[in-house]
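Down below are the structures I want you to see.
Shared between the two complexes below is chain A, which pairs with chain B and chain C, respectively.
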Partner chain A sequence: MKVVTGVVGNDIHVVANRLIDLSLRARGYEVFNLGVNTYLEEFFDAVVETGADVLLISSLNGEAEGWGREVKPLLTQYKKLDDVVMMIGGNLVVGRGDPDEIQRKYKSYGFDLVCHQIDLNTGLDMLETHLEKRTQESNA
Partner chain B sequence: MSKSVEKLLIDVGSTYMKVSTSGHVEQHFRDFNQDILDDLVNKCGDTLKRFEKDDVHICSSANGGLTTLIIGVTQSFSLKYATNIAFNSGINIIDTILYQNIEDYSVPSEPVDVVIIVGGIDSHSELFSDSLYCYLEQLTYSNIVFVGSEKDAPVIKSKIDEVVVLPNIIDNRLHIVEEHLKEYLTNLYQQDIEGKEDIKHLYDITNNQIFSTPYIVNKALPHIDARFAVVDPFILLDIGGATTDIHYSKDLVDENIVTENEYDRLVFKKLGVYKSRESLIFSAKDNEFVYELLMHLKVTENILEEHSKRATKILMQLAIFLVLCKTSHYRKAYINLKLLAINSIVFTGGITKVLNQEEVEDIVAFFYKKVLTSEHKPRSIIDNNYDIWTLGAKELEACQ
Partner chain C sequence: MSLLQEERKIILSNEFVDAFDFAEVTDFVKNASKELFISHHFKKNKNKKMMVQPRGGFPTYEKQYALYEFFLKANVDVLPLTVDSNTRLNDYATAQKMLRLSEENNIDMLNGYPLVTHGYRTTRKMITHFDKPVSLRHGTPDARLLIETAIASGIFEIEGGPITYLLPYSKNFPLDKAFLYWKYVERVCANYSQLNEPINRESFGPLTATMVPPSITIVIQLLEMLLSLEEGVKSFSVSFAQQGSMMQDIVTGAVLKKLARFYAEEIGCGDADIHLVYHQWMGAFPMNRDYADQLINMSTVIASMVGADKIITKTCEEAVGIPTKEANAKTVANTQYTLRILNGLPSVVDEEEEEILTLEVKAIMEAVFNDPADTLWRKVFNCIKSGIIDVPFSPHIINHNEMITLRDAQKNIRIIKRGNVPMPDRCYEYHKSQCDLSKDTTSIVNDIIHDIGIMQ
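Our next item is the complex of A and B:
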């Protein structure tokens, strides 16, 4: 299973990105880490070039919201990305925010899994459950 | 111990020919009614006679270069990497096609020298389908090369006649791999030069391979401080009759493409003062600062229609200005160089015979002030004795 990951926008918080890279590898994923300061187009382009199954975006510094709104308009320009699992995590709003409201908002932006201030391992467990469910559905 | 033998170095440009022996450079205007060899023999016959074929080294920029069309699956990786490699091999890119939208692109009417197809890391596959082959059927090209996913190579080979398959230019970490495609393109360029009838005749006077001039200049760059008081970082502008080349060190580019070469090169095919005079004027008229520049030089735009010494000077000055614009943040072009960080600008090529130090510095200062709104003043260094080219040719000879 291939995963493209990185930190979106002008965000330089690198610690989580390194941990995500290590944890994904430890769980057996093939990881394409674009690192910090990555633009949405580069994320989508990396999925096209690698044939990745999952796009896992981090955002820590408070920029997530702005980028989130760009996701759908940009995705419509790509013809082959419909099956990719889209996941985002980190600090998805400035300050605290209502978790349910954040979930709803980012799902409307086009994300399948939304992990606002959720610990990494919990988030990666959610990803695994999601992928298993998807395989079951497609087999059924 | 090897005895050092005097060498004869010859550069055949689109406008001038230069002939250099130890310590002496002579320069002649090309006579286009004559074959290059005849022209050379007529003008420098006595010098030629003094040298054995082994001691004559020739380079040429007279062929104007090859054209390429690149088809890739994303802007950020395949197209960007292939574009980078093509530019650095001195190839002119006529278009880039984003494969998923290939049906929306028109097919260029003129023949393309080489088509480059790229996409996907090696473990990915099925990136291309019938729409690619349909497009190619309508296109006229001389060479075609595939540098995408190794898993796709067999299908590509079975569908496209005479396709050359090379290792992927995108590695498994999504980084660029330059060398194979670069070598292929450089060789094509080389073959193109050698294949020109005119150039072939030059083998009557040399036993050595004839190289492209930009290649030679590029070779000289790491050693440039042997001849000039150049302060790093620097850029080098080679402004000639048909093209303008800019050579720059990698650290001047924002792009984070990591490659092995220290110096890159960009060719602006349509910026020259003789052969591509028309397109130079066209790009000048398209630039919002140019009228102000002409005023600054105390001329009107009528000068662009004139054919005089004064007009050539102005065109050379415009060429400097336009190249700087094209590589600055003011115009989003293929690259943006950190022009505020450079300490020297080295000028070589035909320009050094037309403009003096003051006239060059005037334009550089105008550019920095108007376009970059800065008082920054990099040093202008004028290579009026073709030292750079001599240095490059010697460097190459030493490697052989």
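Our next item is the complex of A and C:
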């Protein structure tokens, strides 16, 4: 299973990015880590180039909201990305926010999995459950 | 005219520079007050009182001036001039605009002092007025214009280096360019050093301040020192930040001092003065201000055990944002108080740890010197590219990120995966034997998260 990951926007928070990379590898994923300071186009280009199954975007400095809105319009320019699992995690809003509201908002932006201030391993467990469920559905 | 002088003319003929007068600046440096030179203070400081230097930079002249007044009241030894991030990235147009907005609306639109925008004629008035040594703190890969302006202003200590100001701060600024731009900085500092007391260069040892093992810190300190000395710099400070274990800090300080002297003599630069600088904890700070003050106080004690020549302070507001001048001055006063009452320190030596660390550093240094490239900077460049030097948690694309570190029970940083770093097997086995490696990677990742946040 291939995963493209990185930190979106003018955000240089590298620590979490390295830990995500390490944890994904430990769980057996093939990881393409674009690192910090990555733009949406670069993420989607990398997914096309690597044929990734999962796109995991992280954000810490509050920029996710602005970039999130751009996801759908930009996705229309790419073909064959419908099956990619889209996941986002980190600090997804500036300041405090209602978790349910944040979930709803980011799902409307096109993300399948939204992890706002959720522990890394819990988030990656969610990804695994999601992938298993999808495999079962397609087999059924 | 020399090639360097031609380059200087190009760098200083810039729409953001108001007619740089080479002859006048040379004359100013030649006749400048000795008090402005930290190298002079290092020399005359015979009783070895550790110098205290805070951090701090505000956008407007008035606020920077007010900050310095506060620092003086708190009995500061060295004043900081921290530069804003637009200037650091050579975006002088934005710095100019934000400075005007800050001045007009009386709010801070910049996270430091835009030195190039203020210019040397204005800044020099402030520096010479206070007549204290000033240290330039920035983070700039291309600092050519910045350091020309700094020295012309009377700022005679320049922090940074091609590796330490790049690998922690940038994702893709080309490292080879950084080496060449810093070569210019070293040469300019070396030339000015012949006129009066030497300009002091200081490397930035904290790097990413995240689980960097002492051997990597020391190797990079030594290499930046050598790159500086070989261009003719005569006064240099190596530095490192509090690591989390008192013993490891003491060992790091001892090995760094010993090897800095050793390698300076190896390249025939034994006449240079070398100093040791200690940074109070640079990692994640506690939100609780009282705890933050306790941590700062403990850092001062360790700096004394290490025998540092200068300490660079933090504030109790570190976890919250850019500190106020009040909080900043409070730390200076507190640190001076701790230093005054801290007497009769025991001398602590851990021979086994020192031996292991010395072996590691020497092995990596040997690998750098054995690189087939013709000049030292190219050897260093190749070694970073090939992962012989690997900095944990660097965001830069050239960094290998293969090394993994963990804390042992005493909170010493240990290397549990060396990647391409040529540390001897004996040292590697020693490091691993200090840690519990029977855990799975998920638990180890959780340990790393815990180890990063130990002071919170």
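Keep this in mind: the second predicted complex is superposed on the first by the 140 of 140 C-alpha atoms of A that agree within 3 Å, B and C clash if a C-alpha of one lies under 4 Å from a C-alpha of the other, contacts with A are read in each partner's own complex, and residues count from 1 in each chain.
Methods note: a contact is a pair of C-beta atoms (placed from the backbone, for glycine too) under 8 Å apart; a residue touches a chain by one contact, two chains touch by 3 or more.
Keep in mind that this is a model prediction, so the values were computed, not measured.
Novice: Touching A:Met1, do we find chain B (first), chain C (second), both, or neither?
Specialist: A:Met1 sits against neither chain B nor chain C.
Novice: Could you tell me if A:Leu131 is touching chain B, chain C, both of them or neither one (first, second, both, neither)?
Specialist: A:Leu131 contacts neither chain B nor chain C.
Novice: Which holds for A:Phe32: it touches chain B only (first), chain C only (second), both, or neither?
Specialist: first
Novice: Would you sort A:Val14 into first (chain B), second (chain C), both or neither based on which partner it touches?
Specialist: The answer is second: A:Val14 touches chain C but not chain B.
Novice: In the superposed arrangement, which partner chain does A:Ala46 touch: chain B (first), chain C (second), both, or neither?
Specialist: Only chain B; A:Ala46 stays clear of chain C.
Novice: Report for A:Ile118: first if it touches chain B alone, second if chain C alone, otherwise both or neither.
Specialist: Once the two structures are laid over each other on A, A:Ile118 reaches no partner at all.
Novice: Under the stated touch criterion, which partner chain does A:Lys79 make contact with: chain B (first), chain C (second), both, or neither?
Specialist: first
Novice: Between chain B and chain C, which residues of chain A are contacted by each of them?
Specialist: Shared contact residues on chain A: none.
Novice: Where on chain B does chain A make contact in their complex?
Specialist: Against chain A, chain B makes touches at 73-78, 100, 119-121, 123-125, 170, 173-174.
Novice: Please give the residue numbers of chain A that touch chain C in the complex, ascending.
Specialist: The contact residues of chain A facing chain C are 12, 14-15, 17-19, 21-23, 25-27, 35-37, 120-121.
Novice: Which part of chain C faces chain A closely enough to touch in the complex?
Specialist: Answer in residue numbers: 169, 171, 208, 210, 392-395, 397, 401, 404, 440-442, 445-446, 448-449, 452.
Novice: In their complex, what parts of chain A are in touch with chain B?
Specialist: Listed in rising order, the residues of chain A that touch chain B are 2, 30, 32, 34, 41-42, 44-46, 48-51, 78-80.
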